[in-house]
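Please read the structure below before turning to the comments.
Note that the chains take the letters A, B, C, D and E in the order they are written out, and that residue 1 is the start of every chain.
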Amino acid sequence: MPKFTKTTSKKAGLPPGSIVPITDGKAAAARITVIDYDATSFEERSAQSAEECLPYKGRPSVTWINVDGIQDVTVMEGFGEHFGLHPLVLEDIVDSAQRPKMEDLGDYIFVVLKMLSLDAATGSVKSEQVALIVGADYVLSFQEVPGDVFDPIRERLRSSKGRIRDRGADYLAYALLDAIVDNYFSILEYFGEEMEGVEVGLVSAPTPEMLQTIYVLKRELLFLRKSIWPLRELVNGLLRTESPLIHERTMMYLRDIYDNAIQVMDTVETFREMLGGMRDTYISSVSNRMNEVMKVLTIIATIFIPITFIAGIYGMNFQHMPELSQPWGYFAALGVMGVIGLIMVIYFSRKGWL
Amino acid sequence: MPKFTKTTSKKAGLPPGSIVPITDGKAAAARITVIDYDATSFEERSAQSAEECLPYKGRPSVTWINVDGIQDVTVMEGFGEHFGLHPLVLEDIVDSAQRPKMEDLGDYIFVVLKMLSLDAATGSVKSEQVALIVGADYVLSFQEVPGDVFDPIRERLRSSKGRIRDRGADYLAYALLDAIVDNYFSILEYFGEEMEGVEVGLVSAPTPEMLQTIYVLKRELLFLRKSIWPLRELVNGLLRTESPLIHERTMMYLRDIYDNAIQVMDTVETFREMLGGMRDTYISSVSNRMNEVMKVLTIIATIFIPITFIAGIYGMNFQHMPELSQPWGYFAALGVMGVIGLIMVIYFSRKGWL
Amino acid sequence: MPKFTKTTSKKAGLPPGSIVPITDGKAAAARITVIDYDATSFEERSAQSAEECLPYKGRPSVTWINVDGIQDVTVMEGFGEHFGLHPLVLEDIVDSAQRPKMEDLGDYIFVVLKMLSLDAATGSVKSEQVALIVGADYVLSFQEVPGDVFDPIRERLRSSKGRIRDRGADYLAYALLDAIVDNYFSILEYFGEEMEGVEVGLVSAPTPEMLQTIYVLKRELLFLRKSIWPLRELVNGLLRTESPLIHERTMMYLRDIYDNAIQVMDTVETFREMLGGMRDTYISSVSNRMNEVMKVLTIIATIFIPITFIAGIYGMNFQHMPELSQPWGYFAALGVMGVIGLIMVIYFSRKGWL
Amino acid sequence: MPKFTKTTSKKAGLPPGSIVPITDGKAAAARITVIDYDATSFEERSAQSAEECLPYKGRPSVTWINVDGIQDVTVMEGFGEHFGLHPLVLEDIVDSAQRPKMEDLGDYIFVVLKMLSLDAATGSVKSEQVALIVGADYVLSFQEVPGDVFDPIRERLRSSKGRIRDRGADYLAYALLDAIVDNYFSILEYFGEEMEGVEVGLVSAPTPEMLQTIYVLKRELLFLRKSIWPLRELVNGLLRTESPLIHERTMMYLRDIYDNAIQVMDTVETFREMLGGMRDTYISSVSNRMNEVMKVLTIIATIFIPITFIAGIYGMNFQHMPELSQPWGYFAALGVMGVIGLIMVIYFSRKGWL
Amino acid sequence: MPKFTKTTSKKAGLPPGSIVPITDGKAAAARITVIDYDATSFEERSAQSAEECLPYKGRPSVTWINVDGIQDVTVMEGFGEHFGLHPLVLEDIVDSAQRPKMEDLGDYIFVVLKMLSLDAATGSVKSEQVALIVGADYVLSFQEVPGDVFDPIRERLRSSKGRIRDRGADYLAYALLDAIVDNYFSILEYFGEEMEGVEVGLVSAPTPEMLQTIYVLKRELLFLRKSIWPLRELVNGLLRTESPLIHERTMMYLRDIYDNAIQVMDTVETFREMLGGMRDTYISSVSNRMNEVMKVLTIIATIFIPITFIAGIYGMNFQHMPELSQPWGYFAALGVMGVIGLIMVIYFSRKGWL
């Protein structure tokens, strides 16, 4: 179960720009990896602090510095200082409850969004915040914990596959965003498969567990939507920005992300409506079965009540009950009961109640 | 049952512009047909590759190249190369999970949308992606599988019916779009007929199957809407484009498509609301019948319970029960039972419960 | 019951501008009436074809040509030819499933909308399409079947009442539109009266028929809304057009129609919400009554069950049942039953279940 | 119960600008009162016709002419003629079913809106239409019936309290609008108190009457909303008008009305949502109680059914029933019944059904 | 329980700008505190009246004057006079039912919004109105009652922590707004924890109290939303204002508040949807349990009814009942009963009703 809110209140009362990491990541030292490349050269190494990364900043090659572990205040303050990050930007980076957004700060563009992954064990969606600082020839990426969806990009950089090594920092940033958004589709596929499974079950034999699954999926989608909805605005901001940091030829690629973001939203909305439909199907299906059971049982009871009454009458101990002494009395009583039962069965089936 | 999501995840991690066909079409060789015409001449042939089509590109006549089978990577790459298609455009063409959209790329306009058809057997809507590349004097159309709604247009081209042979590539593109959108009305008509059928049944005798049909129709409409909704934006994009590829006199025709797209959307929304109303009608109808059954049965039970109790009293074996030895006892007991039953019937009908 | 969709599919595959009448009107010859007037003169006659009307077109006087019967292809093609109507406009005129809209084609303004009337017998709304062609000094009006709401306008023209004879073709078009929109209020009044009737009944004694009426009204309103909703956009189009065909002093009158259109929409929406409220009232009212019935009946049953059990005990035939031989046994048993019954009644009424 | 629609159909077919009063006000002679003031002078009198008021029009002082009784056609036509009112404006003034709106006609600004009041007896909202004509140095106000919310303004004018006597006609118009909008808050307060009353009751003991009240309040709010919603647009129109009739320094006051109008709307929407919540509370509360009753009663019945069956067995008259002749038979039977009853009670309470 | 509406009607009829405090604060004398600071100096004192504060107004240092107790008319009028507040602004400050908004009045910017706090005892949200007047070098803040969320700011001012002492009045105003908005997150956290508690309970054992809690939370959120929704517009107004009172470098900070406001709204909406989902879960969970109970109980009853009938038959006292005298009669009857019972159990479990 995703927590409903992150504890952001511990920030209350602090001056703006205070670096108070709000994350589920454990308090370990940050892991910094540096990848520096251009069309011909490629270097990959790890670093201990922002200072170590500083030399790469001036070079004409593109540098991608990835930081895992935003709770390491010392490292974060180092990046703030050496890369000239605005205090509010730094505050946003370390606050993993941040709403996805982009901001153009002149020297760099700040992008923050959610990287989603599936917890294979519980089937729930895990959300990790990724912040990007896109400069003229460098990209900083900040993550809460190690592990991300960027490995194929690292592979393409190493093997110089595609056009990524020929392009600038903006294209790298695009590639990172694209990897994150593409991954949303995997999440939706998982949801789609879950829903198909439930739907098949609903037709054959609805169980309360299915309803539970429907509610869980619905809530997961609600969280998903909250993460994805601002994405459209974010990419739109990148498309409309007049920052020289983003080249004209990258725009077409950003438009592609925009299309994908809209498609993700569309699918989320469709899924939500379908889950609503499934819930209705479940409820009316269960109610149908219940009605059927109750109706048949009630009818059985109703048929026996009047004939049991007749048996009760001849079970009375009055001394003067003429029928009792007749030899045909017992059989007549049985006959009357049979006739009454038959009449009721006929009446009920005529009414369409059987 | 339409699949909930197409497996787009196999693309995750690949560089943008990778040609990974995502389609339900079988992996067969693509079928290419070329139609080249102007007001006076007409030629129709088939081709094996994009190279074969290349000579038609330079001619002043209009060329329509139709490709069935986007999963044929070799052919698709050929078109990408020889017709100068942007890698992202090519990627979108072969990804049949694409959201309908249009893009103006200067040399050509890229349009992708859904062609719908009814699966006569199951009554479900089949959706096939159609991509159009509209150039100065050629139109490329890419489909997933053979079979489309364009035969009347081919016929008009062959027989030079209407004004189609006198106009340019933009008019041909319009004609193709128009054929696709016109076909949506057939789908809606089918839905309308299904709904009329259900509605008639709901009034006479509602069955759970009708509710099932309502839910299925509702879900089909949901998918339909997802395919159709972006259409409006698409046509609007064509109307507002300042591309010289679309002539002024074609605008009026595009406006007509726009009107049709809005009307399709309106009808889909109305159908959705009507299905909601039908569902309500079904539920309250079933609940009405159920209530009536339960009420009558419960009343029968309630009437017999007190008089059965009286029979029980005189069935007790106490030695000293004065009434038992009276000659009138039995008849008095029957009378009392009758009176009590009568009083209850009168009371219940006064209360309006019968 | 209004049909859900008109059969527009028979047009599929035809070239645009094909004149394929889609109407419920019978295939009879069209009836053409011509009214020609200015401040001083007035002429009214009938005609057989568009050619006959042609001489009126050039005159400085205003000419109103009304055509009943759009299924008469010959006549319609005549008007298309002689009044220079665009093929798509002509196609729209004869397609009675057209969405209300206006188009400014330079030489004339094309307006198409729905004229509604009540079928007195069934209480359902009948919808007839009216198309107007507003030229410099003429107005063409096309209707599906004879019979319309324009008689008061004809009367005003004949008797020169109001300012209609002093104004141009645009004012005539306004008068026609105004007559159609004013008539919507009559429809809404009818709905309002129906709803008042149902509401009064809901308070006194709800019946399933009332629920049925509510659903029927709701669906009728849905159709009404579909016809009226685009009206606002239509009139707005007329208000914003810069066509010299509409004079400045007519604008104030069009604004009045705009206000009316909004008021009609408001009322439709309010009615829809009120019908929703009535449905809720009905359901909770029925459920209340049902609950009350079931509760009382169940309580009666529950009171008798334990005391019937006691009677059952003393109906057992064991040889050694000490109570049976006591002279006070019978009365004690009756007393115990009475006490138990009383306790239960008291308990139930304390619990507030009675 | 407010009538659903006013009978506006009697206007159908009349030329635009026809003065056909549509009002619930009785057909009596109009009552005209004239207040003429500037910073130093003040005159208050009544008049019989528009002609009598005419002399005040030219004076530099501000004149407020109030007319009660729009059904007096003669008087209304007099105002139309002598104050140069456009026929459509006059038609709107006498049609009390008018939607609130403002129109700038150059010489004067026309404002029409609803003045609401509570019918103390029935607790329903009465709506009266007020039309204002704001000229350079005069304000005409037209009401349906005598009695309004303007008395405090008259008092302030007489006693020269506040700044009203120092300002022009636009400030007077503002004061009138402000009085009307302020009064909406009283209506909402009444609704709020009703709702608090119901809510307290819902917690302690829900009754069907409360549900009825909820529905009535909901419907009243629906009507309220229909009257208030267009107000925002109306005041916005006044704020954006460039008419010299409204002075810059009055704008701040109009903005205040705008804020109030939004606040009224907010409260109406919040109330609507709260009533929805109350309805849900009522329904689940009733359903809870019902379930509890049914469960307990059903359980009682279920416990007695098997033990009554045992009594039935030993009530059978077979000659050979070994248990019957045992001296311990009766007590054993009672014991068995007791044990069975106990087991069922334990089972049910273990299951949590008791 | 928050009151539904504040009694604003006592203002009705008064001239605009009347100072009629509408607040829940007790009628005590206002408490005025003055903080005057620049980068080097700091002074903190209390005052009795607006006159006492006047000397600080002219100084180059920044002055923050906080007033607790808007019901003190004398003090409020003093501020109105000495700080040149517009009568309508003053009226808005003392009316605690004001909708959050900002207004740029040239000499100063007027901001009014809600400061929320949790009543620890009842768990309900308390709302207090805060009004800010932001001048060139002073900020006035007006509160209803003593006690606020500004203590950390006072501390930062005293200890010169952060950059607050180096900045102007606009930064101080930002800090106050930021403190208020940050506090909203604490409220939401409290709601989130309440909801998690309910959700855990819903899965294990749903109780009517949980439903009650859901409804209460839902209503609290409704009030919260009403307070927060206008905030976005308010901050947007500050961002778009061209007033020289707000420096360019403060804009970035205001944008941060804007982001926070949107995030608060997002969370409120998500919470509302989740509460809706919880309500559905509760209802279907209760209905599930109820159905199960009723089904099992009804089945028990149904099984015993036919076999009790058989016992009834052999309890009849007819003289000629052949079975009665058979030695195997009793056991045969018991056997038949057992078989019938068994058959029904098998039948019911085959049907899946058990």
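Just so we're on the same page, a contact is a pair of C-beta atoms (placed from the backbone, for glycine too) under 8 Å apart; a residue touches a chain by one contact, two chains touch by 3 or more.
The structure presented is a predicted model; accordingly, all values stated were derived computationally and were not measured.
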Task: Chain copies touching (subunit A, subunit E) - same or different residues, decided at half shared - done: different
TODO: Fit subunit B onto subunit C over the CA trace and report the rotation angle, somewhere between 0 and 180 degrees, nearest 5.
DONE: 70
Open item on the list: Report the inter-centroid distance (CA atoms only) between subunit B and subunit D in whole Å.
Closed with: 42
TODO: Round to the nearest whole Å and give the separation of the Cα centres of subunit A and subunit B.
DONE: 26
Open item on the list: Two-or-more-chain contact residues of subunit D, please, as numbers and ranges.
Closed with: 294, 298, 301, 305, 308, 312, 315-317, 321
- [ ] Using the contact definition from the top, classify how the chains connect: line, ring, star, complete or other.
- [x] ring
- [ ] Please give the residue numbers of subunit C that touch subunit D in the complex, ascending.
- [x] 149, 151-153, 156, 161-164, 175, 178-179, 182-183, 185-186, 188-189, 192-193, 195-196, 199, 252-253, 255-256, 259, 262-263, 266-267, 270-271, 273-274, 277, 280-281, 284, 288, 291, 294-295, 298-299, 301-302, 305-306, 308-309, 312-313, 315-321, 351-353
TODO: Please name which positions on subunit B make contact with subunit A in the complex.
DONE: 1, 3-5, 7-9, 11-17, 86, 88, 92, 97-99, 101, 103, 205, 208, 211, 215, 218-219, 222-223, 226, 229, 279, 283, 286, 290, 293-294, 297-298, 300-301, 304-305, 307-308, 311-312, 314-317, 321, 323-330, 333-334
